[in-house]
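You will see two complexes here that share subunit A, one where it goes with subunit B and one where it goes with subunit C.
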Partner chain A sequence: MSPRELAVRYGFLVLFAALVIYFALAAPGFVSPQSAVFVFQSVAITGVLALGVTATLVVGGFDLSIGSVATSSMMAAAYAMVVLDQGVFVAVAACLAIGIIVGLINGFLIVYMRVPDLLATLGMMFLLVGLQRIPTEGRSIAAGMTMPDGSVAPGKFSEAFLTLGRHRFDFFTPNLVPVSVVVLIVLAVLIWFFLEYTRFGRMMYAVGSNERAAELAGAPVKAYKIWAYVISGIFASIGGILLAARLGRGDIASGNNLLLDAVAAALIGFAVLGASKPNAFGTAIGALFVGVLLQGLTMMNAPYYTQDFVKGAVLVVALVFTFALSAKAKR
Partner chain B sequence: MNITRRTFALLTLGLMGATALGGLPALAADRPAPFDKPESVKIALVRYLSTGDFFQAYLAGVQAQAKALGVDLRVFDSQQDAALQSDMVDQAIALGVQGIIIQHGLTESMKDAAQRAVDAGIKVVAFDVNVENAKIPQIEQSDKDLARLALEQAIKDNGEAWKAGYVYVAGIAPLDRRNETWVEFKKKYSGIDEVAQFGTLDNPIANSVANQARSVLSANPDIKVMFAPYDEFAKGVKIAVDEAGKNKDIKIYSADISTADISAMREKDSAWAATAATNPAVVGQVSVRALAMLLAGEDPGHSVVVPPTLITQKDLIEKDIKNMEELGEKLPQFAHADVAMPAWMPNPNAK
Partner chain C sequence: MAADAVFRIAGLKKSFGPNQVLSGVGLELRSGEVAVLMGANGAGKSTLVKVMSGVHAPDGGAMMLGGRVFSPKSPAEAIRAGVVTVHQNINDGVVAALDVATNLTLDRLSGKGAAALFNPRRVQREARAVAERMGLDVDLKASIADLSLADRQMVAIARAMAHEPKVLILDEPTSSLSSAEANRLFSLIERLKEHGVAILYISHRMSDIRRLADRIVSLRDGAIAGTFEARPLDYEGAVNAMLGRTVQHGTVEARAAGETVFTADRLAIAEGVLPISLTLGAGELVAVTGLVGVGKTALAETLFGLRAPRAGTMTLDGKAYAPQSPRDAIEAGVFLVAKDRAENGIVGDFNVYENMSLPFLRRISAFGVSRRGAERALARGQIKDLGIVCRSEKDELATLSGGNQQKVMVARWLAQPARLMMLDEPFQGVDIAARRDIAAKLRAEAAGRATLIFVTELDEALETADRILVMSEHTIVGEHRNGAIDMDRLLAEVAGQKRRAA
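Entry: the complex of A and B
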């Protein structure tokens, strides 16, 4: 393997390792099981969203609505429990239903209405940001809130639901790993296996690399594309469930930061192992990379704008790895 | 601005209800002109910011006081369009209003418009926007007092020497003003040691701040006090403190309040010890009252400050306050401020 190939293949992982070593030396308390879990926990929600958007990137699409799907399902969960006084099952089902429905609509708009993916999902994003505010007339949802008609909401967040955000499994030390981290890891393994090793996943890559060829080969291209958006919607709504369980209330939010962080993670993932294409393993590493970076910088008291700056710099470097270096290596 | 205040719409609904049920206020004829014939008085509220709980509650307060006075209120909402807001002042002038409340906006775009209104003989007050005009009273909520109340409580609870974590994002006007007080306190009490400063406005704010606070807590396990002078920050810090299992070792002091904040503060062994807040509905009422005083030929003063209220965990638990309505009922100083309140002024909060 030539040095360039080595650089393309392992450069990003080396960078990642160097970063961890640097913070371990510079920030006291960075190396500990707790600290590692914090990193996972802080990227769990954006990580789940990023894995979802990876599915749409694989079929050559894009999903801008994931952030608002997540916040909408957070509001739906809060609404179901606080206002409608339902239990954990209804709340989770409502969230997943939102993810599936939005995914189907996105897919329908893109495949059958021929709206370009960015535009269709952009529209959906705005629609959801507005929609999530309609039931409560723009108020955030918390137990004991007053409804627009003056009555007091009867329900509260069910304990079982909050467990999703607050329970910790014993792992080496007691009460270490939060549910959200387990969800992230399970979903990452699932989507990785699905995309890399199942026929369905390989066909999605085929659709993404050459839609016409895939169609001529007899693949139901339209179905694959719609499925990709449904996967993305479901993952985003799971992210919303985790968010609601952590916050313990329904917060009016556009979710744009969730979207941007998730997309950044997925794009950084292109560079991991020189893949030069969307891949679940890379996305997970990308999310962790951003998490480690933010954790370390915060521990060193870096102000928030330097964190955005560094995040942007990492993304640019990753994209250079992906596009410039690997393209030359292939020639 | 719209990120710094919380849900008061709830309280305001209650206030409006109370007004509606509260029977007739003192007879209009006892009041100075022009409020002896209030139906002939037309005032305008020209808004720059309107989305969000804070602004809804502010509007409700303006409406409640206008109704108590019996005057005709017109609301112009520019939805963050600075040029449109300036045009709306001209529209209000053309409409023949006697008084205008300018609510937020940019000094550059509103200064001239405000001057035109004053030149047309219209009385003007401004809330949270400096229009650089000696004839226009400024309605303010005192961010410095908010921070001071919370920090004084922190000193009272924890003594004069502790390690502190501080949540701050520079460049947001109210947070900057609160920061000035924090800087003064650190100077005054040399025992306060700020070991970490963090903060972000990434949406959802509580979630992003929680992630940061987790890192800060593991880097600085000896922090005793977290000063988070905005309730979304405080919520995030509380999540992190709970997740780290340090809720008995750390106390959180903040500013602003909402129903969700109240329930977070009331939780068993909650780290959130106290918050200081101004009620936006009261700020709305004070805006109308200051304008009414001008119209009646009285002087509300150039700077009309609405004082904040300190709300401690102990208050909430002892008085069994569970939401914003009960807060207004059981802490009366929160529901009403005795500012711009001459004897003839009807009180929209009177039962």
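Entry: the complex of A and C
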């Protein structure tokens, strides 16, 4: 392997390791279970979204609606519990239903209506951003809120639901690992196995790489594409559930950065191990990379408003790795 | 008035890397004359056109235009000098978003010395002048996007004529036109001839060629293989020169077919064409040959479930066979190695074994999980079998030569037993050794299935097939048993003389 290939293949992981070592030396307290958990927790929701959007990237598409699917799910969960006085089961089911339905609509628009993926999901994004405000006439949802007709909302967030956001599993030290981190890890392993080792995943890569060849090999290309958007929708709605459980209210203003952070993580993932293509492992590393960087900088007292700049810079560097340096890019 | 050559090429050479595409081409174009250039895929037609139109610089040889050296550095320079090309892709010749008038005068709008401000009235005036001169009957205010392909083609040619060229190159101008539309194009070409333009007309369609040609030039392997201008024009000779015939008859021992595997009954593969009936037996290798665009790929796609026949029925092993999709076809045991592997075959992100297992992943998976060990073992077997040159089954496809890539594509479909195995242009962009390997493999494994290959080059059919079917105008016009072929009749059929074999 030439030095160039080595650099492309392991460059990003080396950079990641160097970053961790640097923060370990420079920021006291960076190497601790609590700090590690904090990193994971900070990227849990964007990580879940990023894993979902990876599925659409694999089939050669893109899903811009994930952020708004997540916030719509959050509002739906809050609405179900606070306004309709339902339990945890209905709230979670409503969220997942939103993810599936939006995924199906996205897939339908792209596959059958031939709307380009970026535009179709952009449209859905706007639609959902607006839709989630309609039931409450633009208000956030919290227990005891006043309804538009003057009455007081009857329900509240169920304890079981809040547990999703507040419970911590014991791991070495008591009450360490939050549910959201466990969900992230489980979903990451699931989608990684699915994409790398199942027939379904392999065919999705084939569709993304050469749609015509996949079709001529007998693959139901349309179905694979629609499934990818459904997966993306489901993951985004799970992200929304975690967000609602963490906040304990349906906050109209939250989740602004979800889309960009998730997409950034998935695109950074292209550079991991020189894959030059969307992959679940890379996406997870990409999300963690951003999390570690922000956590380290915060512990070194970098101001919060530098965060987006740092994320953007990482993304640009990762894209250069992917498109300019890798051997595949030259073909 | 065909007298002096307006345009003369001598010893023109062009290579791309180690590939010599043009190896000394000589050509003359005369004022008021249509010279038809014929050549199979890869013969070097497009490269010749690109050199003439200033897209590529030649490596050697000279071009003369009206007695002066012509060596354009860019397409714009070639156009200014009077050599104008209308490319095959009609939409390269027009801007769809603009109206006809603007398209007709586009080059004046962007050329040197053009006014910075756009004057719609002047554009209309100039466009009308161009249209009148060309006898163009199209609404000047219409948007190109609303026009038929034929009208767009007319506009593209009229626009080219606005430069008042001495030489006009038309690259397969009728390939997407209906015959009525083509007739309008032909009258336009007649008119251009009267204006004294020298025309180089590139086409595969024999009907066009019969109608227009004053002279036929056959190009083969980057050199002129024959020029035909004695009346009456020798069309068969031209086809023969273009397709060449280097193999001896009888190199293949024709085998008899076993039990019937596939039949087609009065199958019409396009609107308004004569139907096709054919029977394929087990163990035989049948080649369908014919010029480019006569419907070979359409026939393959119909049998593979990619397009529905307009009429007629098919049977496979005695049962009705009407695939709705490639998936249906594959499940019934009908496989197709599609032509143009880069476009239709290779999955660029996949390595050799992943490419090979693509259609049959289901059969080598357990509970939806692909078994990589089995996949790789299968691929190793195929690599050895077909003599694929690669380091291992984990190589990226792009590191393989064209011939080896094609072997991977063939291996993909040989992995499972087929009832009907089809290969569309399997020898395209394949070196001679790989071509022999693939043909030998196809013949060796032909037992128990019907094999159908679609090839333009006659040599390829003669080298591999037991039986040869000839296609012309979307139907089968002739049938020959290899080893006892009446070559004159076969060439006449390829050249479009309808004489249906009994």
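Simple rule for what comes next: the second predicted complex is superposed on the first by the 322 of 331 C-alpha atoms of A that agree within 3 Å, B and C clash if a C-alpha of one lies under 4 Å from a C-alpha of the other, contacts with A are read in each partner's own complex, and residues count from 1 in each chain.
As a working rule, a residue touches a chain if its C-beta (ideal position, glycine included) is under 8 Å from a C-beta of that chain, and two chains touch if they have at least 3 such contacts.
Because the structure is a prediction, the values reported are computed rather than measured.
Novice: Clash or fit: subunit B and subunit C on subunit A?
Specialist: fit
Novice: Scan A:208 for contacts with subunit B and subunit C and give back first, second, both or neither.
Specialist: second
Novice: Angle subunit B-subunit A-subunit C between C-alpha centres, in steps of 10 degrees?
Specialist: 130
Novice: Based on the superposed arrangement, let me know which partner A:199 touches: subunit B (first), subunit C (second), both, or neither?
Specialist: second
Novice: Report for A:34: first if it touches subunit B alone, second if subunit C alone, otherwise both or neither.
Specialist: A:34: touches subunit B, not subunit C.
Novice: Between subunit B (first) and subunit C (second), which does A:163 come into contact with in this model arrangement: first, second, both, or neither?
Specialist: neither
Novice: Can A:216 be said to touch subunit B (first), subunit C (second), both, or neither?
Specialist: second
Novice: Quick check on the superposed pair: does A:173 touch subunit B, subunit C, both, or neither? Answer first, second, both or neither.
Specialist: Neither: A:173 stays clear of subunit B and subunit C.
Novice: Among the partners subunit B and subunit C, which is in contact with a greater number of residues of subunit A?
Specialist: Looking at subunit A, the partner in contact with more of its residues is B.
Novice: Just subunit B (first), just subunit C (second), both, or neither: which does A:144 touch?
Specialist: first
Novice: Pick one for A:243: touches subunit B only (first), subunit C only (second), both, or neither.
Specialist: first
Novice: I want to verify one number: the closest Cα approach of subunit B to subunit C after the superposition, in Å.
Specialist: Nearest C-alpha pair, subunit B versus subunit C: 31 Å apart.
Novice: Which subunit A residues are contacted by subunit C in one complex and by subunit B in the other?
Specialist: The overlap between the subunit B and subunit C interfaces on subunit A is empty, containing no residue.
Novice: Once bound in the complex, which stretches of subunit B touch subunit A?
Specialist: Per the touch definition, subunit B meets subunit A at residues 7, 9-10, 13-14, 17, 51-53, 56, 169-170, 196-204, 206-208, 210-212, 214-216, 218-219, 221, 235, 239, 242-243, 245, 258-260, 262-264, 322-325.
Novice: Tell me, which parts of subunit A touch subunit C in their complex?
Specialist: Listed in rising order, the residues are 197-200, 202-203, 205-206, 208-210, 212-220, 277, 331.
Novice: Which bits of subunit A are touching subunit B when the two form their complex?
Specialist: It is residues 27-30, 32, 34-35, 38, 41-42, 45, 71, 138-140, 142-146, 150, 152, 166, 175, 178, 243, 246-249, 251, 253-258, 294-296, 298-301, 303-304, 307 of subunit A that touch subunit B.
Novice: Which residues of subunit C touch subunit A once you look at their complex with the stated criterion?
Specialist: Touch residues, subunit C against subunit A: 304, 306, 325-327, 329-331, 336, 338, 343-350, 354, 358-359, 361-362, 365, 368-370, 398, 412.
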